[in-house]
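What follows is chain A paired twice: with chain B in the first complex and chain C in the second.
Up next, the complex of A and B:
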């Protein structure tokens, strides 16, 4: 039942998205624009600074993720569909998981465009350890989205939610950014530092477990009016 | 508690007026000399900041799960004090660092995690102030998540080289420094307790007034 509800919520979000493709298009374009903006700051004499590729990649993901989170819940605010979802006789954490899966999937699509682009533009060896890189990206995205989905959901009713989301989200997700950037930078070394990347991956996985649990736990009291 | 206020305020005034004399009489540190005296304000403020953040996190969790308004008032008061004492830490720290390390700021584990924690509580205050209706819950979630975040921040930034002295420094203090140090710690803790009680009471009074307005409106 729990998984079925989560699946239905996710499918609903994806169906809406597939029909308009609004969030995917705008978020991908925004992420690419971010990469360009950072390129002007971090490329010196035609060469990117050391570790710049990993940093640019993760910052773009974080910025684009904030945008996608804001838009997804803005959509739910129209005609009060989030309230309708909350009134449904299903467990609230299942709704949270459904929304989370939708966001994660969306961000993974964005990353599928972004990562090869960063590899291309900044000569980053993304094929060094592709599986480990994917694991870092997925666990980082889950951690970022776990906190983001909860905060975006509770900000739906708040004034000035567009400003509040990044203010709340960035300080909390700093460990994700640090672990993501350092882990990816370790993989982009000429000789990839695999054990270092694995250590960061373990930290990300631990972060995911703690914050998904905490979100599931607090979603119910937070969404009760 | 109400009757105790004047007594505690008096005690705090006495402690804070004696503290500079104690600090001035403490022995000079061999390498840093006079600058090291910042220590007597820097470290107690940091202790109070962490205690206050911890109180805010616990009170927020109680408020979130038990919906007790008193807990929210304590959380709000503690968050404000975390920001105030954090500011003292973040101002005295660079002053000391400039002399001890030659730079104002060092991206070291302790500094970075303190700054981040301070930012989480600034975000808490911002969301309470500008979040509109229901902002108390948003703030409470921020405090709970912020508290859960502290170990992650600490571990993740700890990979960088740490040059800040650890807390192990405290037991190794020379006897002449130990007295003034603990004196300052007690003074700061007392000040913190007083401010917390006063601030929570103010919040309580505000809620009472709002309640009275509601009743008057209904009649």
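Up next, the complex of A and C:
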């Protein structure tokens, strides 16, 4: 039943997004704009600043992710449908997992556009170890979204939610961003430091387990009041 | 999911938001086959009480008993017996009427979803519009759909927050008729309303709240306006 509810919520979110395409378009546009601004600042005469690609990629993911989180829950607030979800006789953590999966999928779509763009503009060797890069991106996105989904749901009725979300989210997800940046930078070396990237990937997986567990544990009490 | 009850008892319930008191020691009861109306001016605590009955808010002190169980004791099984129609309607505007009903039916574990949804669309008078997205519906159509959404799982306790707002006379009459039907099927119905004409046609019991306090709780028959005038000062807008 837990997985069925999570699937239902995720499928509903994706159906709504396929109809409106609002979050995907705005988030992709915002992420691309971020990368372009960094490229104007950090690429001189066709030569990018050394080691900048990984940081810019993750900063853009974090900014775009914050935008997507805010918009996703704004939808639920608009018709108070989050209350309807909370009223259903199902496990509330399952609702959290459904929302989390929807956000992760949306961000992975954004990253599918973002990563080749960063590779192109910053001469990043994204095809060095593609599977390891994908694993780093997925793990980092899950960790970031796990905390983001919890906070966005918690702040859905707060008046200053647009300001509060990044203020709460960024300090707590710093370990994820650092691990993502260092792991990706290790892969973008002329000779990829695979061992180092794997170490950061393991750390990201650890953060994912910790953040998802804590979020599952706290979602119900936080949403009840 | 076999939990059921025939009476809801609010016992000495208070609710505070920080230092602000929204409800102060409210006690009332409502039984199967009864329609209870919550009346009072803005900020009287009606919607707070409705949210507590819906288990969306916990009381600061006191308790609500659904039969012999509190919300904490009954858990999710209680939520399967509650239907809540909020002023905000709880519908996804980007989904079709059928998709909205199917989503909530599956979430509530309703059996034979397709048949149940088709019946609900018929009751809402939206059979021909089932495939249309809700954002294109009028307020009255959304209201009817939202009511059927709240009834999909056949709840024992139906909570309605200002269900008549924004409806034309024909839609109000249809909604009142539907609520009379539901009362006949032994449901407990609690309605927040500011429409005293509708209240006189619908309510069995009336509770008047003011500044978070219950100032009147009585049988409704012919006495709604009397209670309202007696307890709510002239100039207070009932909502």
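Going forward, the second predicted complex is superposed on the first by the 223 of 225 C-alpha atoms of A that agree within 3 Å, B and C clash if a C-alpha of one lies under 4 Å from a C-alpha of the other, contacts with A are read in each partner's own complex, and residues count from 1 in each chain.
As a convention for this text, contacts are C-beta pairs under 8 Å (C-beta built on N, C-alpha and C of every residue); 3 or more make two chains touch, one makes a residue touch a chain.
No experiment lies behind these values; they were computed from the predicted model shown.
Q: Per the contact definition in the header, classify A:154: touching chain B only (first), chain C only (second), both, or neither.
A: Only chain B is touched by A:154; chain C is not.
Q: Tell me the contact category for A:181 with respect to chain B and chain C: first, second, both or neither.
A: In the superposition, A:181 touches no partner, neither chain B nor chain C.
Q: Check whether A:53 is in contact with chain B, with chain C, with both or with neither, and answer first, second, both or neither.
A: neither
Q: Check whether A:91 is in contact with chain B, with chain C, with both or with neither, and answer first, second, both or neither.
A: second
Q: Determine, under the contact definition given at the top, whether A:167 touches first (chain B), second (chain C), both, or neither.
A: In the superposition, A:167 contacts chain B only.
Q: Once the two complexes are aligned on chain A, which partner has more residues of chain A within touching range, chain B or chain C?
A: When the residues of chain A touched by each partner are counted, B comes out ahead.
Q: Where does A:8 make contact in the superposed view: on chain B (first), on chain C (second), on both, or on neither?
A: second
Q: Let me test your reading of the model: by the given contact rule, A:210 touches which partner, first (chain B), second (chain C), both or neither?
A: first
Q: Where on chain A do chain B and chain C both make contact?
A: In the superposed arrangement, which is not itself an observed complex, chain A uses residues 225 for both chain B and chain C.
Q: Can you list the residues on chain A that touch chain B in the complex?
A: Touching chain B from chain A are residues 147, 150-151, 154-155, 157-160, 163-164, 167-168, 171-172, 174-175, 178-179, 182, 203, 206-207, 210-211, 214, 218, 221-222, 225.
Q: Contact residues on chain C for chain A in the complex?
A: Listed in rising order, the residues of chain C that touch chain A are 1, 54-58, 76-80, 82, 84, 86, 88-95, 99, 103-104, 106-109, 133.
Q: Quick check: in the complex, which residue numbers of chain A touch chain C?
A: Those in contact with chain C are residues 1, 4-5, 8, 12, 15-16, 19-20, 78-81, 83-91, 224-225.
Q: In the complex of these two chains, what residues of chain B are touching chain A?
A: Contacts found on chain B: 64-65, 67, 116, 119-120, 123, 126-127, 130-135, 137-138, 141-142, 144-146, 148-149, 152-153, 155-157, 159.
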